[in-house]
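Here subunit A shows up in two complexes: once beside subunit B, once beside subunit C.
Up next is the complex of A and B:
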């Protein structure tokens, strides 16, 4: 095809767009097509494959699979909510209360833990919380406990680890929306006799909704797709749905089933996000701005 | 047009950078933690000029990695001998070993023959033995003096002090301890499934006793060392390492038999550096090098002359944990049929998901 002379090929655009398109196509679209095809095939006892939706049916037939998914989704929602509850005051403090010159410094402090990998941070928690760990050592030393308790390997620790891991992804969008909040609105509310709670619920949160929803989507998706933190901190009781996928691929050699679970995770989590957007009356295009 | 040239030039530069990086003399080794000690990697580099790039993994991930690339990306892998033939039949991820290029004189004859026989697919052998060991119990005698068998993993006396892997060896060990012979049922899928469901149920019932299901050998040793775990199912060498630090802790060959494994050298189907792979096999099985490995890892090798060169302490370990009758009682893994792994996988999922 010949391009008209007055339209030269936009080389700069091509240069910058190529990596993005290659990335999307080679690393995301192609593997997903492959996974989708794989998830629709089933291997019989002789190793021959045929088309079938049995992999998807198994998810609904076998309670441990869908129960694991429900459990994972519920815990992810709890984590998202807790992250929001902790992140909102932090974001508010940074944008409205702290002196302007400290704002950058405080954001930096939040960012700092994310300079080390998630694995290292989780091992850090394990060193702190294990039975022979640092926290137990001090509790014993000060006579608060008589014998060490195991703080790892339970759901509370796992949720705490996940909240810690996802904090940043909630704080940053909240900071960016709260920066646009006019201080005079809050002052006016105080002048008109508003209490702290009425200001939070009637001024700050309604204003911050796009940031809250954006942060929640990111936190929810990251938590749902997390493998490391639930596995290491949750220990024996933490069957996370991602672990089911891993087990199908690695332990059972059943890639077809694993792909089906992967797709179910994608579809079901998208449904949860869609439901969340509907409930909060937000539009994805507005939230992601 | 200058910009276009620049873009093309940059792309070409990137491609060449990638190629030249890949073509440097190197050997990609897919193996277990500790199987390529730094001293030996350095010595190998000095002798042959080949860099060894080591990736640590386990049996299941090894198979998954090679299956994903249909046997490309690595020049040499070290799967256990019982996990080769069925996988090879299904996925064709290895190539036959050219025994004329292996210095077979260095290898203990009986072990070489056993591995050759067990990895036979289409009349060709796919592996040579490297090292061997057993799975059994690591026990802290100070807290758990009465442990004799795998069944103590389910013993309420050790509540909160027990750890094992959620992997197939645990199922097999508990099946033996309950008085069955799972290996005899390898050919009978239905009977095997019934047996494993029984074992799985026992594990679910005893789940509250478990501290955690370990996945990483070093992490397990750390919890035994700090006396958080008193009874564990694990590899013999871990127990011997800890015995050196704390005499109360030792490896114990269980009454129903330690589970014997042999880890091998197998060459992936699309290995690039074949010469390097054979060089490394012969290098690692040379008695003086094998002895270095055994002294570090406390794991005996298939190298014929190496035992003489190892430290006395290493030999003591073996004699202490394995009286002659315990050696005769070692249950060696026969090659596992492929379908069994999905049965086991499902049961292990149920154990993990139970409350």
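Up next is the complex of A and C:
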């Protein structure tokens, strides 16, 4: 390619692009290349390193690793689905049912919990749900339970915590697509004999697909990569894949193994997102607008 | 003749505001019934009450003798064509039309047959697979009609569906819609603010104003025998004069307008001498330079202010001598009046039968 001689250097473009390119390269591309290289090296007893795919082989040989991996993937999909099921009526209520002047207020209410950190929110749940917690206190007081029940450290609580943490990221894209849904389409479907369910499945969901896909991608990725919530609400046996990565890096000090796990998680999330886009017939560029 | 729709004292209040005020009417089977009124007169509210989206505050709506109170829109034998058509953009033409039939859990084979038949009927054969955004304005219109007609509703409601089309297409659709209604024989209730749509298509027209029906009549009678000043002003163009009654005899009155012109005209009701009245006169009722031998005419002279050329609807704007008020006079384009120029003084005459007089209303001035 030959540039014209007198072509001026587009300084404005350079100014705006440089931080983006630097950010992408230094903080995303470089660390990942390093991670990939590290995952393909193995340290022997003497401390010497050599190229090897043993880190990846270990993942498949050791059932605890790949079972945790599959479990994390399945739970993340369940969390994404549950978040969607709860978020759709919420978004519908805010955009179509609530009076216009309350819409901003209701969105604000959703945003409010995000003013404190995830850690504080999760501790909030722990105060509510632990054996000596508020929920148990009232259940005992009203005689519903005879002795306190431990509500923390099980899968249901963990899933609930993850859904709670992800809500906003599903509701916001749904609100933006539902705002564009013409009310008369819903009325027309109702007039033509549609029931609530057929209107939801034939009109509202097909219209909201781009928002659903966008929200699902964000929620899925956040859930898959979440460490705090599964660890605190699910306890030691939560078996979330990020904990395995943490253990390799921090507990076993095996950075090569940890890198391999990290890479596998990246591949998994990319695969699931790709499959989701294929299934819904959407394009990433269109969904993320 | 069977009555398809009957409203009795249908009323809708939004807080203090009465949108629809004790409206009663009957629509016979197979009729093309229009509700004509300015925007904000309550016609859309009335239509939405018939469709079931709004419950009346008082009064009843019966369809084929069944009371519709408390019956939701999806279980009423009426269908509504929305102003913006509300075709489902996520579905093909076929799926749009099949939507209602699927909700009735009809057999797949029957659905396909009915969809094909109705597409044929609205002149869109082979369009089933098309996407909604591939259609032109007129085609969308027809799909919206087909989507409702395929369900065989007792009454089809149309909420100004031609409003979004351009003029030429609107004229064409008017004729098509009338023809289609005649073929299928379904009762149509059509609301519009466009008097020409209402007059061209309807068997009966109800003129609505401030939540009330002013007159329900045939288009001809609405135009020629308006029963209220509002109808006289709203349907077609009219010149209005305020004046006082000078003399009264049988069906005629002599009115002295505020400008000092004296006209003899038909009286709609009995007036007493000196009473304030409004006199309405159609632009085309005025003859330009009538032959001196013609009898029974009110005659006066006007100065031409401007000539509005609009083909067959051309008009003169003119003021009676020594007056500043402007009246509209139809200007037939038969080359006979080509000599008229702005600033000319011309004789105007009109038959005593063509004007109409109402008692003066304060709001009507």
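Please note the rule applied: the second predicted complex is superposed on the first by the 271 of 289 C-alpha atoms of A that agree within 3 Å, B and C clash if a C-alpha of one lies under 4 Å from a C-alpha of the other, contacts with A are read in each partner's own complex, and residues count from 1 in each chain.
Everything that follows uses one rule, which is that a residue touches a chain if its C-beta (ideal position, glycine included) is under 8 Å from a C-beta of that chain, and two chains touch if they have at least 3 such contacts.
The structure presented is a predicted model; accordingly, all values stated were derived computationally and were not measured.
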{"item": "Superposition on subunit A - do subunit B and subunit C clash or fit", "value": "fit"}
{"item": "Partner chain in contact with A:188 - subunit B first, subunit C second, else both or neither", "value": "second"}
{"item": "Greater residue coverage of subunit A in the superposed arrangement, subunit B or subunit C", "value": "B"}
{"item": "Partner chain in contact with A:226 - subunit B first, subunit C second, else both or neither", "value": "neither"}
{"item": "Touched partner set for A:202, first subunit B, second subunit C, both or neither", "value": "second"}
{"item": "Which superposed partner A:55 touches (first subunit B, second subunit C, both, neither)", "value": "neither"}
{"item": "Subunit C versus subunit B - closest C-alpha approach in the superposed model, Å", "value": "46"}
{"item": "Footprint of subunit A on subunit B - complex, ascending", "value": "3-4, 7, 60-61, 63-64, 67, 90, 160, 167, 207, 210-213, 215, 223, 226-228, 338-339, 341-342, 344-346, 348-350, 352-353, 355"}
{"item": "Partner subunit A, residues of subunit C touching it in the complex", "value": "51-53, 72-75, 79-80, 82-84, 86-91, 99-100, 103-104, 147-148, 151"}
{"item": "Subunit A to subunit C touching residues, read off their complex", "value": "182, 184-185, 187-195, 198, 202-203, 206-207"}
{"item": "Subunit B contact footprint on subunit A (complex, rising order)", "value": "9, 11-12, 14-15, 45, 47, 64, 67-68, 130-132, 150, 152-153, 231, 235-237, 239, 243-244, 247-255"}
